[in-house]
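Both complexes shown next keep chain A, but they swap its partner, so chain B is in the first and chain C is in the second.
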Partner chain A sequence: MRAASALLRKDILLELRSRESVPAMALFALTAFVIFHFGLDRSSLAGSLAAGVLWVTLLLAGVLGINRLFVAEREQGGLDGFLLAPVDRVALLVAKALALLAFLAAVELVAVPAFALLLLGPPVWPALPQLIAVLVLADVGIAVVGTLVSALSVQTAARDLIGPLISLPLMIPLLIAATGATTPLLLAGGAAPLPLRWMAILGLYDAVFALLAYAVFDFLVED
Partner chain B sequence: MYGRGLRPLAIVTLVVLIGGLAMAFFYAPVDADQGVIQKIFYIHVPMAIVALCGFVAGGVMGAAHLSSGDRRWDLRSYVAIHLSLIMGVGVLVTGSIWARAAWGHWWVWQEPTLVSFLVVFLLYATYQPLRFSIEDPHRQARYASAFAIIAGAFVPLNFVAVRLAQPLTHPRVLSSTGNLPGEFGVTFLVCLAGVALLFATLWKYEMASKHAAEQLRALRSRLAEAEAPGPPPRRAVPAGVGGPVS
Partner chain C sequence: MADEAAAIQLDGVGRAYGERFALRDVSVSVPSGATLGVLGPNGAGKSTLLALLATLVRPHTGVARILGHPLPREGWAVRGRIGFIGHEPLLYRQLSGRENLRYHARLHGVELRRVEALLERVGIAVRADEPVRTLARGMAHRLEVCRAVLHEPELLLLDEPLAHLDPAAVEAVEPLIGRSTRLTRVVTGHDPTAAVADCDLVLGLRDGRAVLSGPAGDVTPAHLGALYR
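After this line comes the complex of A and B, so read on.
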């Protein structure tokens, strides 16, 4: 665990100094909202349309971060250094997933208020705690799948292409569950209760992929 | 070693497949609702089932590769996924034709099975680009196996999620074989067996061909070493002249 926290600290520090991922992801999310405004020709959204726009944007912004997650490690030899250290490789998985989770949370701190301000019709306040719960569960899923896919695609010749092509289909169940859970929170006539069925699906998704990542990750950082 | 028994297997496959299709056209009754076009069911559904089983089997073989370190398991997994992908194209095309005939649209988003299959197909479509954009053969095998495991576990999860995404009030237009009348059920099972045998035959055939190609290459390189004896050892065949294994 000490190795994981050291790696996480390194990643956060690196991001704070280089500002490579999070600003780009946040800017992308803002641009996507503007694009949705013109593409859909709507100035305010509610219900399933609002949930869909929010989640598609967050997912695509997440893909930007996923693409960059392991690039520096590979190009600057961080991975070799890590493999020389006598620590469990799962530490790298945990650290990278937590770093991605932190990036996503930082992006959402910008993107969700911007969405509420720019596009959302009904007020966001009544359902905010439930929305945060959905965001947390979905972010865990994105972080786990993203770390796995990023480790998988970083060794390929065309990683910028392969990464999104693998991660987007893998995240379709997550998208279905997240939009399903968010739709009743953003209804035009006031928020309905949070559907627990979708929260359970999100939790199941997170658990399945966490186990898969734990089982497979060792083989992705060998040699 | 993979070629052994290939001929009897191929003959059995041919007999069962033709028998199944003959049953579909002459034994099973014509569907009262949809007419003759419903016969596509006997090839579409077995192909879908076999393709999904092939994807999951590819994942299991990938796991066998990672746990044993034997690269032959990776080759088996590759061939299974590769054949399932080809069958997947057939599933999507026949499904689309059926949807057009039965419901009047080439694509129906309300049919969760078809939509889940499309998602799975899109995921597996990246298997080959991923595999062949990794140069090192050992790393290629390892990464492809990891992908096969992740994607194989994703298949059932995806089906649950897409099924739940449909509003619960929407009636399933086609439910499973449980409520089929007897003749339909028997014909369907024969067709399923036929398609499964076809998959097995093709898998064995491709494995035999890959195995033979690999043996041939090993023999060639040994021959080249034998022809050029003594130091310094001259390599008449540079490594990789035979192209990638798969």
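After this line comes the complex of A and C, so read on.
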């Protein structure tokens, strides 16, 4: 916990200083909403189309953060500095996943209201607590898979290509479940109850990838 | 025959990157408290040897024991006991020197007052709140020395430890990483004469192979000439 907290604190501080990830992710999400607005030629969206647009945008914005997650560790020797410390390698997994989770939450604080304003037909407020629950479960999945993929891709010369090529197919089940859980919340006739089946699938996805990441992370970061 | 009491014991150690062997069949024994100078031309394998001793890369052949623990199996047992200075300073450029050292202190479970004491000792306390990217290379190197000795290591692995330092800085860091520490040290350098004078043992590498090995007192200018020719 001591090491994970030190790493997380350092990652947040680095992001506050460099502003390399969150502003780019937020700007990407806003730009994507504008593109969807004109591309779909609709003044407002609802139901599965709205849920799909929201989650495709958030997922692609997340990929930008995933690509940057380990760059400082690789380019500035941070990974070697960490590997020289007498701490469990899982601390790095936990800290990076929490950092990515924090970045996603910060982006969503901007992106979700912008989505509601620019594209969404029905009001988002009645279903906001349920939507937040979906966002949290899906973000945990993105953070875990993203950390795993980023740790792998940063070791390669073509990391900007490898990251999305591996992470996006892995996150298709997450996209299906998150969209399935969000659709009833954004119906034109008013929000329907949160589908627990999709929430359970999201939870299962998070658990499976968290266990997988725990099992293989040592091998990814060590020589 | 392995010397169990040695701080470093390498027997036929090799390390490859792809098809190319950066180290091949290297054997050396360093007693506790001794200084080993690793010499050789560029690309001889000096940095790979240091990275291997630091547990950053695994040996592909042979047997390596550091501080009594076999690598890589028991690398976890020696990591917190090694101080490492490599080619890169291992400092985040956007963070200040103080923030960098505090981060490493937290990782190693070291009290933060040790950070302040070290910053004072190397004469960089007044500039410790400036981002590392704005510091001159020599100033960043002083921070690097602080990072390497923050956790009071038993073994120092030093890749050109005095590079970029002015005479005053060399004097300031000597009690931390110099011979007077009486710690086991492995040191590389580009000035072979100075390196030999600072060492108890010498290991000369060429194309990853040990071509010179023995007490520093036995090394002659002719040996050094042949090593770098």
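Here is the rule we use: the second predicted complex is superposed on the first by the 223 of 223 C-alpha atoms of A that agree within 3 Å, B and C clash if a C-alpha of one lies under 4 Å from a C-alpha of the other, contacts with A are read in each partner's own complex, and residues count from 1 in each chain.
Here is the rule we go by: contacts are C-beta pairs under 8 Å (C-beta built on N, C-alpha and C of every residue); 3 or more make two chains touch, one makes a residue touch a chain.
Here the structure is a predicted model, which means the values were calculated and not measured.
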| item | value |
| --- | --- |
| Partner chain in contact with A:Pro169 - chain B first, chain C second, else both or neither | first |
| Touching partner for A:Ser18 - first (chain B), second (chain C), both, neither | second |
| Contacts of A:Ala215 with chain B and chain C, given as first, second, both or neither | first |
| Partner chain in contact with A:Ala3 - chain B first, chain C second, else both or neither | second |
| First, second, both or neither for A:Gly77, with chain B first and chain C second | second |
| Which superposed partner A:Ser153 touches (first chain B, second chain C, both, neither) | first |
| Contacts of A:Pro113 with chain B and chain C, given as first, second, both or neither | neither |
| Partner chain(s) touched by A:Gly39 [first = chain B, second = chain C, both, neither] | neither |
| More chain A residues in contact [chain B versus chain C] | B |
| Touching partner for A:Pro129 - first (chain B), second (chain C), both, neither | neither |
| Chain A positions touched by chain B in one structure and by chain C in the second | 223 |
| Chain A - residues contacting chain B, complex | 148, 152-153, 155-158, 161-162, 165-166, 169-170, 172-173, 176-177, 180, 197, 201, 204-205, 208, 212, 215-216, 219-220, 222-223 |
| Chain A residues within the chain C interface of the complex | 2-3, 5-7, 9-10, 13-14, 17-18, 72, 76-78, 80-87, 223 |
| Residue numbers on chain C that touch chain A, as the complex places them | 54-58, 72, 76, 79-82, 84, 86, 88-95, 99, 103-104, 106-109, 131, 147 |
| In the complex with chain A, residue positions of chain B that touch it | 66, 119-120, 122-123, 125-126, 129-130, 133-135, 138-139, 142-143, 145-147, 149-151, 153-154, 157-158, 160-162, 164-165 |
